[in-house]
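Dropping a structure here in structure tokens format, bear with me for questions.
Note that the chains take the letters A, B, C and D in the order they are written out, and that residue 1 is the start of every chain.
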Amino acid sequence: MSDMRERIVKRVARFFKDGDLVNLGIGMPTMVANFIPSDINVMLQSENGFIGLGPSPEAGKEDKDTVNAGGIPVTIVPGGACFDSSMSFALIRGGHVDATVLGALEVDEKGNLANWIVPGKLVPGMGGAMDLVVGAKKVIIAMEHTTKEGAPKILKNCTLPLTAVNVVDYIVTELGVMEVTEEGIVLRELAPGVTAEEIQSKTEARLVIPAHVEIMQ
Amino acid sequence: MSDMRERIVKRVARFFKDGDLVNLGIGMPTMVANFIPSDINVMLQSENGFIGLGPSPEAGKEDKDTVNAGGIPVTIVPGGACFDSSMSFALIRGGHVDATVLGALEVDEKGNLANWIVPGKLVPGMGGAMDLVVGAKKVIIAMEHTTKEGAPKILKNCTLPLTAVNVVDYIVTELGVMEVTEEGIVLRELAPGVTAEEIQSKTEARLVIPAHVEIMQ
Amino acid sequence: MSKLKSIDEIAEKFSDNQVIMIGGFLAVGTPETLVDALVTKGVRNLTVIGNDTSFPDRGIGRLIMSRQIKKAIVSHIGTNKETGRQMTAGEIEVELVPQGTLAERVRSGGAGLGGFLTPTGVGTVVAEGKQVITVNGCTYLLELPLKADIALLKAWKADKSGNLVYRRAARNFNPLMAMAADLVIVEAEEIVEVGELNPDEVVTPGTLVDMILKA
Amino acid sequence: MSKLKSIDEIAEKFSDNQVIMIGGFLAVGTPETLVDALVTKGVRNLTVIGNDTSFPDRGIGRLIMSRQIKKAIVSHIGTNKETGRQMTAGEIEVELVPQGTLAERVRSGGAGLGGFLTPTGVGTVVAEGKQVITVNGCTYLLELPLKADIALLKAWKADKSGNLVYRRAARNFNPLMAMAADLVIVEAEEIVEVGELNPDEVVTPGTLVDMILKA
């Protein structure tokens, strides 16, 4: 994992509280699991049907029925519980998931999120993402701050088809931590060595910059 | 059980087919269970949460958690299954119950049913009756043909608050078997010794009387 | 932090005017020790959601007798004549809901749905004041979700993280209510260590449960 | 009459143009032997309802590759590039449904509901053509039930009367689809005698199941 990605997922892991139920999206968000502080008990939900997502099994000990939502063999920790898909999404939609971490193609000032489709190109389908961002109590976007070409992904208005409207709570990138509020996107933390000017220059949305901005750890 | 009631419940039991799932209401309908032909396998649903309602336990073998929808200790037969109330009524509303047998205060020509409330007097609540009559594939009313005072219960139009509209399929009384059709209430069977004139005289709705009416057995 | 609580710690959570869901069907699957605590504390003006008002000496029926209920949302009151008397006398409000609709309204509340369309109750007094929606030629009532401040539940087994298993007809509304309340309190017949329950047999995931009492 | 059937007896039930629900999530919990039979029989113009189109060599993915599907109602097609290609080329129709909405639509179909209100999809392309209903200031989409001619399911254990138990993540859509189809066909890893399953562990009651195949 690159230093950049490690910085992002480490910071995301610090959002969780003892007793939280968390759903981690596929890709970078999955890696957050490796950095959850050991002094808190966080249960992970796998939307394909269980709570208590554990680490990968030892080689040769894979169980065909125990996989994560990406189809990868995993384990279920003691205290886990299995259920069907309607229960899984009743938990999600019903606000019983304390936080979800997902990647994004675009996020905007109103907390709108686009992360499921690039018209004319990639159409994987929304899977559980639309339900997760609408239902989870806290929606945390974990992503690189700009596209590979350096274009901003935090916009005034999303241009891609939306996943959901007004749902994003926090955005964590390699440059900083931002909170989406009624007043706009507030800069809460800056990565070491990054200035407010730099992060703003890579962000289309106007960042609200309070007098005190913490150092991202 | 009186001869009259036994005649009714025996006849009702002959409506069932092998493999049917059946829900029996409280009171006289409960007694239908004792007359199900031994050559067919009928599973009984108890809407408080299981399929496989069996006979009463031996004295001293009652289980506090195994009761019917009237709160009376029962048993669960081999092959039974337990579930929560939303599943119980998903089975009922979803058309997975092949037949339900209920009593009635009034039934009318349109298949309307009133069996849950007498304004100003008895207000027990509808319990599961409204769902059962809407959801079950076949709704069979098992009742005495008239009130204790001799007044008709099979009417042109129900006068009491309805349980449901246009749901009744069959009415079985001590006098005969009637089917509710688009053309009205058709007399299908007459109890031994009962004439069409007699049953019509005790019925407010006009009975459609086909050329051939069977003897009720 | 342990979810195992004393009855005193649990009773602290009760206060006047709360909306409380109570599991059980004619008191089978009702947490009687938790109802004891409600009665003892004497909180008043409760809105209680449950299948029925049980019998005068059991479950929700006891809260009717002790006059702690302002409004009952139930499917049936026929086994407790005092409920009907209080209703007729205008002393309490009773909202009678078809049992399947009641179960589904609680489920909807817990599942984050805004409501559902049911054929049950169309053309009856249950339809009064409700939106009627026609879909593909069929007529349905729009029924709305129910939620509560507190759910009082009964389980057969609980592990210390709150995973619950129910037994026979004592399951009924309990798993639905576990989803639909801000604070979920469970009375369990048996409490086992985390890991002792097979994940496939758990009906209510522990994450939904806040407090556990040994029955 | 025994519910245990041969694969030939089961294959007789398949025909062109059917709507078929197939359990599984990325083919975990998918009845591969029953899919084999569909492929072998070569029925065409199927409408398939499932979580996803899996991989080219597994589950629903195989029916994509064999071009037996006219329309797929799924939440995700990203793991099978051929689905996207056929969709873009206009060779098949794909209705993409949010996973929670898909699960709830199948449940609604099985539960006799006319639909449900969900916040998921409000303000997105998913809302197009759907009724928007506001309840207590919140906005919801009215989503409609799904039903099928046939459900093809995978269970861990079945008893001979059709009671089903699932295992781990292989449960997923299977219990929901068991409620929502006219003909329910189950492939079970293990078949046991009636009475061997504890009624409390049964997830799908046998009364819903029509045909059982040993995997």
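Here, contacts are C-beta pairs under 8 Å (C-beta built on N, C-alpha and C of every residue); 3 or more make two chains touch, one makes a residue touch a chain.
For clarity, every value in this text was computed on a predicted model and none was experimentally measured.
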Selected pair, greater C-beta contact count between B-D and A-D: A-D
Subunit B-subunit C separation of Cα centroids, rounded to whole Å: 29
Mean-CA-position distance for subunit C and subunit A (Å): 34
Shared interface positions of subunit D, touching two or more other chains: 104, 107, 111-113, 118-119, 166-168, 171, 199-200
Residues of subunit B whose C-beta touches two or more other chains: 50, 76, 82-83, 86, 89, 92-93, 134-135
Those chain pairs that satisfy the touch definition: A-C, A-D, B-C, B-D, C-D
Residue numbers on subunit C that touch subunit D, as the complex places them: 104, 108, 111-119, 133, 135-136, 138, 140, 142, 144, 165-168, 171, 199-201
Sites on subunit C touched by subunit A in the complex: 1, 107, 109-113, 159, 161, 163, 179, 194-195, 199-200, 202, 204-208
Contact footprint of subunit D on subunit A as seen in their complex: 46-50, 63-67, 69-71, 76, 82-86, 88-89, 92-93, 112, 122-131, 134-135, 161-165
Subunit C to subunit B touching residues, read off their complex: 25-29, 51-52, 74-79, 84, 87-88, 96, 98-104, 106-107, 118-126, 156, 166-176, 203
Complex contacts: residues of subunit B adjacent to subunit D: 18-19, 21, 43, 50-52, 76, 78-83, 86, 89-96, 134-135
